[in-house]
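Look at the two complexes coming up: chain A is in both, with chain B in one and chain C in the other.
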Partner chain A sequence: MTPPVLEIDGLTTSFETRQGRVEVVSNVSFAIPQGESVAVVGESGSGKSVTALSIMGLLEGNGTVSKGSIRLRGRELVGLSNKEYRLIRGRNIGMIFQDPTTCLDPVYPIGHQISQALRIHKDLSKAQARARTVELLTMVGIPDPVSRLKSYQHELSGGQRQRVMIAIALACGPELLIADEPTTALDVTVQAQILGLLQKAQEETGAALLLITHDLAVVAEMAKRVVVMYAGQVVEEGLVDEVLNQPRHPYTAALLRSVLSPDMSRDEPLHIIEGTVPGAHDMPGGCRFNPRCEHAFDTCLTEAPGLHDCGSGHRSRCWLAQRGERLEVSV
Partner chain B sequence: MLQVIVRRLVYGFLILNIMTVFLFLVIRLIPGDPVRVQLADAAVSQERIDELTAQLGLDKPLWEQLGSWYAGAVRGDFGMSFSTGRPVGSVIAERLTLTIELTILAVVVAVLLGIFVGVISAVRRNSLLDNVLRVGAVIGLSVPNFWLGLLMITFTSTVLQWVPPLSYRGLLEDPVQNLTQMLLPAVALGVALAASVARLSRSSMLEVLGSDFIRTHRAKGVSERAVMFRHGLRNSLIPVLTLIGIQIGGLLGGTVILEQIFALPGLGRTVFEAVNNRDYPLLQVCVLLYGAIFILVNLAVDVSYGWVNPRMRKAD
Partner chain C sequence: MTAPTTHERPAVPAADSSLLEVSDLVKHFPVRRGLLGRRVGEVRAVDGVSFSVGRGETLGLVGESGCGKSTIGRMVLGLIRPTGGTVRYAGKDVLGLRGGDLKEHRRRLQIVFQDPFSSLDPRMKVGRIIAEGLDIHKIGTKESRRDWVVDLLRQVGLAPRDAGRFPHQFSGGQRQRISIARALATNPDFLVCDEPVSALDVSIQAQIINLLRDLQRQRGLGYLFVSHDLNLVRYIADRICVMYLGEIVEVATAEELFTAPRHPYTKALLSSAPQLRADRSVRERIQLTGEVPSAAKPPSGCRFHPRCPQAVPESAKVRPRLTQISPSHAVAACPCFT
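Right after this comes the complex of A and B.
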């Protein structure tokens, strides 16, 4: 059996700060099989982007993977030298970031920025790289790609820039595509196009997709499995259908309830989750979600729950799930 | 782009005309009478004074003097220098190149040294080397250039027992001697600019290296060296170029004193002498030339923006 494209096992990422060492991602495990897509959801500060950057080996400043393993097709990535990692980035893993307005180099034409990836990893002549770049631009739906080669990022719209970012990420035919909130900074109308493009690209190239988002609608649309993160931990994981229809963790349930829909009436109160994600240096004792959890009881305040398997790979880090209790989603 | 250049040249021409009138009046407000300075003799008769005043055209009303200056200027005749008796144009022609060379050398020194130091500082940020370089930059920024020039002369002559050759040779005439003569003043003139370029390129480089598109390049697998120099440096040059454009005016001003200190017969020293001698026609053209150089340099800087920063190419 071939190993999954990505296999994360007990990943713990920490940063050195003035207050000491803080764990931003704690003991995160999940896997993405060939050609599949997994979504990671959570609020800002839940550690989802840090997880992605840990996979890329692009942690900023003094962040390090302090424990665990990240395997790409069985090959261990943790502990690779910068040089070895460089050969994997762009070639085996492509990444798309949140804000396309700041993610493209303002002083080089976009054609150059795409072919740069090709020429680093593939033995292509200038003309071959150019031809492939035109192909990529066509594939991501940039009209008139040949004349666009010489365009600068400021001459493109937000959606087009994100298309260029996708072209860069796909340039070398990566096995894994990481998209970190790829539609958050875009207009709603463009969001659907970009998601459609990602889906199409994934089907055509057979790459596995790791999609990071806070938008549950995007999860439902794009992914087969979902990993819900809260305060650096995986709190729930399972097939999208199961998790979204029958959440086994109060945080997931609360996220689902806070989604706005057009058929809500004006007088209906908004469902918000009170409070914010705790900072890495003042984690509450017991379950990390207990200060914001409406179901919290005494055990939650003192003992941290483990991930409980509720059957068929649906796991939840909640004492209620261990008791077999169901959660109410609709109000 | 061409349109922008033409428009800027037209503006430049208007500015020079305003300068001309302004200078014409201000120069004549300097205390002291050029005729008496020239005669330098208390016992000269009033007739002799009147005669010379008439000869220099200083007896006519101001507007008429200005009119005749313009009448000559359009034909390329800028009058006779009071103190040397030679045409202003030919006096300046032999001195202008020196000042231009000095300024260019100083800018080259400033840019090479400044960017080099700034980049090292940014790449090795918060290291001992970075701290030493940053303190050095603050010192470089605080030291007046004339004092630095004097220090250099004193140091080379007393400690190294070496003085630069005294008689000036042009760059084309004798390049080696010319450059030995020009090196010290160019460094003295360029150090302050180098220091501010170093400080700005350090902070600008750090800002760029922290930006999202640098992360995109790393995510593509671009090598660290290319990330630093091809992408980091090129992006961080944009504000540095602006700084150089602004500072070049101050640099030109510095030539007046430094040429005096290093005994270089350039435009700066000519200004100095022309003020002392109340040599109105010479002073007028010298200062106008400084203005023209400043305008042209700024135009050149603005044009080169487009080369460094594509966002500027279609502006205006």
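Right after this comes the complex of A and C.
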């Protein structure tokens, strides 16, 4: 059996700070098989972006993967040198970030930036790289691609810049695409275009997709599996249809209830989750969600639950799930 | 949303009881080039917008970036001067106000900004931030101001001791509570809410929306609620104006706009938002091509026609007029659907 494209096992990432070492991502495990899409969803401070940066080997100087393994097609990435990582990023892993203005180089035309990616990783001649660049720009829906080769990023709209970033990410035919909040900065009609493009690109190239987002509706439209993170941990994981319809963790259930849906009446207040996400320095004992959880009981305050398999790969880090109790979900 | 509420919901255009009345509002920003800053053109940020908001009513203003929704909010407050048109508040022409009258207008209208990080002075303690308006408007004595600040903090869900802390000691949601307390300090009867929750996490958004909703009920506040989030506007607003490139393309009650949208842009906007539990097999997504054109060179005729899936040749020639199709529903009548 071929190994999954991405396999993360017990990933723990910490940062050195003035107050000492803090663990921002704790013991995160999940895998993405060939051609599949997995969404990691969570609020600010959940550790979702740090998880993505750990995979890409782009942690800032004071951050390190302190435990666990990250395997790309069976190859261990933890411990690679910067030089080795640089060969993998761009060729094996394509990356799409939230803000294309800071990711594209303002002083080079976009055609140059795409063909540069090709020439570094693919040993193509100048003419071959140019032809492939035009092909890529066509694929991501940039009108009149030949004349656009010489455009600079400031001459493009936000949606077009994001298309160029997707073209660069796809350039070398990566096995894994990582998209970190790819549409958060875009308007809603453009967001629909970019999400459609990502889906199409993934289908055509057969790449695995890791989507990092805070938006459950985007998860519902884009991914097959979802990993819900809270305070640095995976709290729930499973098929999107199951997790969003039958959540087994109170945090996921509460998050789903606080999403506005069209049939809500203003005469009823919105469902809220009291309090805020704890900081890495003041993690509560026991279950990390217990101070905000409406179901918490004494065990939750003292003992940290493990991830419990509720069947068919649907896992929940909750004592209720371990007892086999179901949560009430109002849809 | 059909249940009766305590306040009346004026039709479009609102009844005589309207508090805020904006008519034919225009704002053109000059585009300057070169060393001498010669005026080479203008951005038509807002181009002939009219609406009204009644006492205790919420009017939602939705649209994509650059449609002019925030500029309208600022003109209503008198923070920027319109190029043309009028803003009337409680029967008075806001643009003609001077001195004490202008000050009184500003006391009655307040704003909550989007970014709770840049809109609070980092060097001022929270108590002073909230009391600043009271000092400026010389409301109350020193003691009564202090009590009022404590009272405001409680109303927005913060503790009295928070008055002595600095903004950086608070999370995003708490800072937005401070902004709301500051806006309420001068006892206004109208708030412009400019994307008040879009910088916040989902679970925190709900806290702030509930707070705004409760405050409206307690105080009978009117809201001009500027947002790009359709589900949010549907929940909070009585009526909704959909804007595109400086113009209103459709205005209706929240209920009517969502169940019976008429303008192709409104339809596209409604279908574009990703939905959590939509039946994806039934829902038809209208995917627009291209992006919003520059407001410096707006398209002729119906400004939406270059992206409109159902545009007809006449769409490029005739500038559609906002036309009443029912007492509570008006739409820019483009030849493509009329």
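Assume the second predicted complex is superposed on the first by the 330 of 331 C-alpha atoms of A that agree within 3 Å, B and C clash if a C-alpha of one lies under 4 Å from a C-alpha of the other, contacts with A are read in each partner's own complex, and residues count from 1 in each chain.
The working rule: contacts are C-beta pairs under 8 Å (C-beta built on N, C-alpha and C of every residue); 3 or more make two chains touch, one makes a residue touch a chain.
What you are looking at is a predicted structure, and each value in this text was computed from that prediction instead of being measured.
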Open item on the list: For A:A192 in the superposed arrangement: first (chain B), second (chain C), both or neither?
Closed with: second
Open item on the list: In the overlaid three-chain picture, which partner chain does A:S265 touch, first (chain B) or second (chain C), both, or neither?
Closed with: second
TODO: Using the superposition on chain A described above, determine whether A:A254 touches chain B (first), chain C (second), both, or neither.
DONE: second
Open item on the list: Looking at A:I8 after the superposition, I want to know if it touches chain B, chain C, both of them or none. Which is it: first, second, both, neither?
Closed with: neither
Open item on the list: Once chain A of both complexes is superposed, is A:P106 in touch with chain B (first), chain C (second), both, or neither?
Closed with: first
Open item on the list: Can you tell me whether chain B or chain C touches more residues on chain A?
Closed with: C
Open item on the list: Let me test your reading of the model: by the given contact rule, A:A208 touches which partner, first (chain B), second (chain C), both or neither?
Closed with: neither
Task: chain B versus chain C as contact partner of A:E221, first or second or both or neither - done: second
TODO: Enumerate the contact residues on chain A facing chain C in the complex.
DONE: 43-44, 157-160, 187-193, 195-196, 214-218, 220-221, 244, 254-256, 258-262, 264-267, 269-273, 276-277, 331
Open item on the list: Using the touch definition from the top, list the residues of chain C that touch chain A in their complex.
Closed with: 1-3, 5, 64-65, 171-174, 201-207, 209-210, 213-214, 228-232, 234-236, 258, 268-269, 272-277, 280, 285, 287-289, 291-292
Task: Residues on chain B engaged by chain A in the complex (per definition of touch) - done: 211-213, 215-224, 231, 234-235, 308-311
- [ ] Give every residue of chain A touching chain B within the complex, in rising order.
- [x] 56, 58, 82, 86-91, 94-95, 97, 99, 102-109, 113, 116-117, 120-121, 152, 154, 165, 168-169, 171
